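Naming follows writing order (A, B, C and D), and every chain is counted from residue 1.
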């Protein structure tokens, strides 16, 4: 037990100013900088090229998404979740709709859950591809980024076929999917699963044994496992340090307990380990998608049972008076979940994405909190950066895998 | 003073300069096309057939842009630095022999601008002054990224210049001269080893020196994977972050001209220059230089970037000892053994 | 594609009530509740369950000690700080105004727990930074958005909003959605008209 | 006036202007630029005197290395740390004047005596041409007549290099980094947690089937269930292996 009366608080002014000595240079990296993945700003104190201190300044992309969530009806907020982490929009949708479904006490039918899993894993692949491309680009491997974006197009094509949008998909709906799955979609996904392992092999050929890549990533940015836990890291940042925490395994949502997959864990906790872990995660995602495609029923409902919480099927709205009324009320007034508060987390491609919703029984969430993994993971940057070289900073930003839309919300 | 020879020299130099500038423009096109092919892209293909007019369009665009001088820049130095870089770049080509003399209108026109008997050292000296364009540009911008880029560049160029120079010492020992003409003449001899008849190219007798020269030349011209001074992901654009318009394009031109000059030099020093099967001539040199240029682009498409300390460590801990070893070995061989070669 | 098939009837018990990732749903059997009651008999206010989620409300002065206890106790070991946030309870109750919500997770035991404490405007909450380094930014965000002071935080300054933001704390319920001031958007001569001054909440 | 003299005069003038610039410029970097200008012109004068090797070495060593280092240092050093430039200290001005005049006299004396009573050395044009050029001639002289001096210089330079390495060891940096790391690691308790709970004595290691070679001799561990490696990282110890 720590005796708090004994611990001396750090003197704030010293921390904040960190007055550079004459040998040191304060470099303001960002918010407009090619490798800060958006509008991250970092105040670096450099001695030569060695980083003495690093202070991330965020908030340049703050749009008040939580405040907006507290002024929109439950279903109206789904498109906003796309805009938090815009490279992995379906996963954000998923986290939100699962939280709302938990609040309402409903669950999507089996077939919809399988398709949600497929889409979530495809999202993970798309997000990891963006990560790999930009991470490699930061370190200077130009071509990998173009290869990954080439393959990401295939995933976006699948999204487009599925819901008509490519980036901000607004794909999941509360209760399941209200539209039928396009009949050619399973074959598209299968085709992609056949192709993609070769693509992963191509990236690995370019990077995994490349001596310059090894020199840039091995032993850089080590986070010890206990430090990782203490910082509250999740996702590949935590698993790269060897701690086994994957929400899909630890507290399975959807039907993740019905598919077999392994959670890759790193053995050293450095940038290279996180790279290996994410590459392996991509392989495991393909495994999950293949199993889902085998198990998913070809026919069956995609929307939850008819309750006040879900939008009635489109066909019925046009044919039955009752559903038309329900539809009218659902659209105009929204629905009122019971009073209460829920927290639901999903394994986003960056870590644990949690939605904490407090409901006061009105159609508008009383409090909507997004626990974004990027925000928490980014905190470990100063820890990793101290004593690193300037060039390592870009590798470290890359390895945390942030999207500023999700950090700033 | 022989006015006639001087005029001929000027004329050849003028032609060479223009050819070099044209080549430079198409080098950018070549790089973009090759890089695009390697990355599953198309590359510039809209301006003219195969995008061949793209360099001209780029040039016009750059010339038409505003020339911005930052408020806290050291104005005079800021304006002069890119000119320095640009002016020094093509000078290196002056000593490269492009073939035997031509006889035209009763005049003997040598296909090189100046036959200096310390030609290789002259090229090295140009490289060492060329760094001023970078360091002064970085300093004068009044920008910390530029300053860091300039510092990196200075340290890098000094270190790799050392490697570059030392890697050539083996060639000097074998050729017994600093003159490119003499080195070329040496290489045009035929080497007979048992049943094999080989050209006496120094890539065969000095493979280590060739490898070192190639690595150091990539670093000297600030190209990937040694493009740290302008590492865009760390330093935005390094020393030319603040430059725009045609001053920016001067740095750009200088970099590409340097690449071409270094490729020509590598072709002349190690693989026999204009020497080749069937018929000697400038086309062989062009082909060899093109191969080296392709190699540059290939490297850029394949390799990540070194970190600064790794780069310096490579120069001082690996390449420099190897270069010294090469000198020692070559000296010993020359002293004791195979003087017959 | 086909006629809507008959959909399954609503199940009597929702699956969300039985997932069990938050420990036993009966507060009396929950080890955290039991042990906190033993260790801090005065601090524990209530323990509630909604959809299987266990929420413990404690006294704000004891928050740090309780979290430290939850993290250290070998039977509990909530060693992962998932989230710190706050809720402005302005429309829901009289006092205290805010709830500070701490989400904990135990990696070895695979269990979540939510710890809450009420805090009024002007009161402080003990900072969790001494226990979890990850609390740093989360508490800064809380301060930024709600103006809750975390006592003992070494670096409590605004994080998402600019440091010189002088319009208060935007996630408070009395903060208008579009801010207190009218901003003229670039390209416009006058500020866009407000449709609603402050957020009107429909009754439950 | 022949062309050579014309060119020489031009070079000499620019060189003197550069030297003046070194003295007059207020910005140390501008001074360095002036010095480079001067050096380059001197190198060109060497060229006119047919000392190509000397000229090139002058450029490589002085312009290319020494002045670059000077500029480097001036850029790195904080302006406040520089000694006051052209301060109105009478002592300095007087010292400078006296030294300058003395130098001028010295050079003048040398030039005058040389032109008056100098004797040509052994290296006549013919002798130089006989060994193949002045580069070769220089090499022969240096490595035969002045062998000892060369070796001593080399030794001296080696010692200086080692000295520089010893002096520039970056221990100060690591101390400062360590201090910053202590201060800036925000948590009052150490981020690793001083209070890790007791761990079970036998830490399970990953079984063979779970270890997958991933690259560069480094494996990753594939966890099959959520209950493994939650008490300890996949490599079995809390600390870095």
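Everything that follows uses one rule, which is that contacts are C-beta pairs under 8 Å (C-beta built on N, C-alpha and C of every residue); 3 or more make two chains touch, one makes a residue touch a chain.
Because the structure is predicted, anything quoted here is derived from the model rather than measured.
Trainee: Steps needed, at minimum, to get from chain A to chain D via touching chains?
Mentor: Between chain A and chain D, the shortest chain-hopping route counts 1.
Trainee: Select, from B-D and C-D, the pair of chains that is joined by more C-beta pairs in contact.
Mentor: Per the contact counts, B-D leads.
Trainee: Greatest Cα-centroid separation from chain C: which chain?
Mentor: Between chain C and every other chain, the largest centroid distance is to B.
Trainee: As a quick test, compute the distance in whole Å between the mean CA positions of chain B and chain C.
Mentor: Spacing between the chain centres: roughly 62 Å.
Trainee: Just give me the whole-number Å value for how far the CA centre of chain B lies from that of chain D.
Mentor: 23
Trainee: Go ahead and note the Å separation of the Cα centroids belonging to chain C and chain D.
Mentor: Their C-alpha centroids are separated by 57 Å.
Trainee: Counting in whole Å, what is the centre-to-centre distance of chain A and chain B, each centre being its mean C-alpha position?
Mentor: 46
Trainee: Using the touch rule from the top of the page, what residues of chain B touch 2 or more other chains?
Mentor: Expected reply: no residues.
Trainee: Send over the residues of chain C in touch with two or more other chains.
Mentor: 72, 79, 107, 110, 130-133, 136, 152, 154-155 - these are the residues of chain C that touch more than one other chain.
Trainee: Hunt down the residues of chain A that sit against at least two other chains at once, touch-wise.
Mentor: Touching at least two other chains: 1-2, 7, 9-10, 15, 227, 230-231, 243-245, 250, 383.
Trainee: When you check every pair of chains, which ones turn out to touch?
Mentor: A-B, A-C, A-D, B-D, C-D
Trainee: What part of chain D is in contact with chain C in the complex they form?
Mentor: It is residues 185-189, 191, 195, 197-198, 226-227, 230-231 of chain D that touch chain C.
Trainee: In their complex, what parts of chain C are in touch with chain D?
Mentor: These residues of chain C touch chain D: 72, 74, 77, 79, 107-108, 110, 129-133, 136, 152, 154-155.
Trainee: Per the contact definition, I'd like the list of chain A residues that touch chain D in the complex.
Mentor: 1-2, 7-10, 14-15, 18, 21-23, 45, 47-48, 50-53, 204, 208-209, 214, 218, 222, 224-227, 230-231, 241-246, 249-250, 262-269, 272-273, 276-277, 279-280, 382-383, 386-387
Trainee: Chain A touches which residues of chain B in the complex?
Mentor: Against chain A, chain B makes touches at 35, 38-41, 144-145, 148, 152, 224-225, 227-228, 231-234, 236, 300-310.
Trainee: Across the complex, what residues on chain D touch chain B?
Mentor: Per the stated touch rule, the residues are 2-4, 27, 29-30, 33, 36, 40, 52-53, 56-57, 59-60, 63-65, 68, 71-72, 75-76, 132-133, 135.
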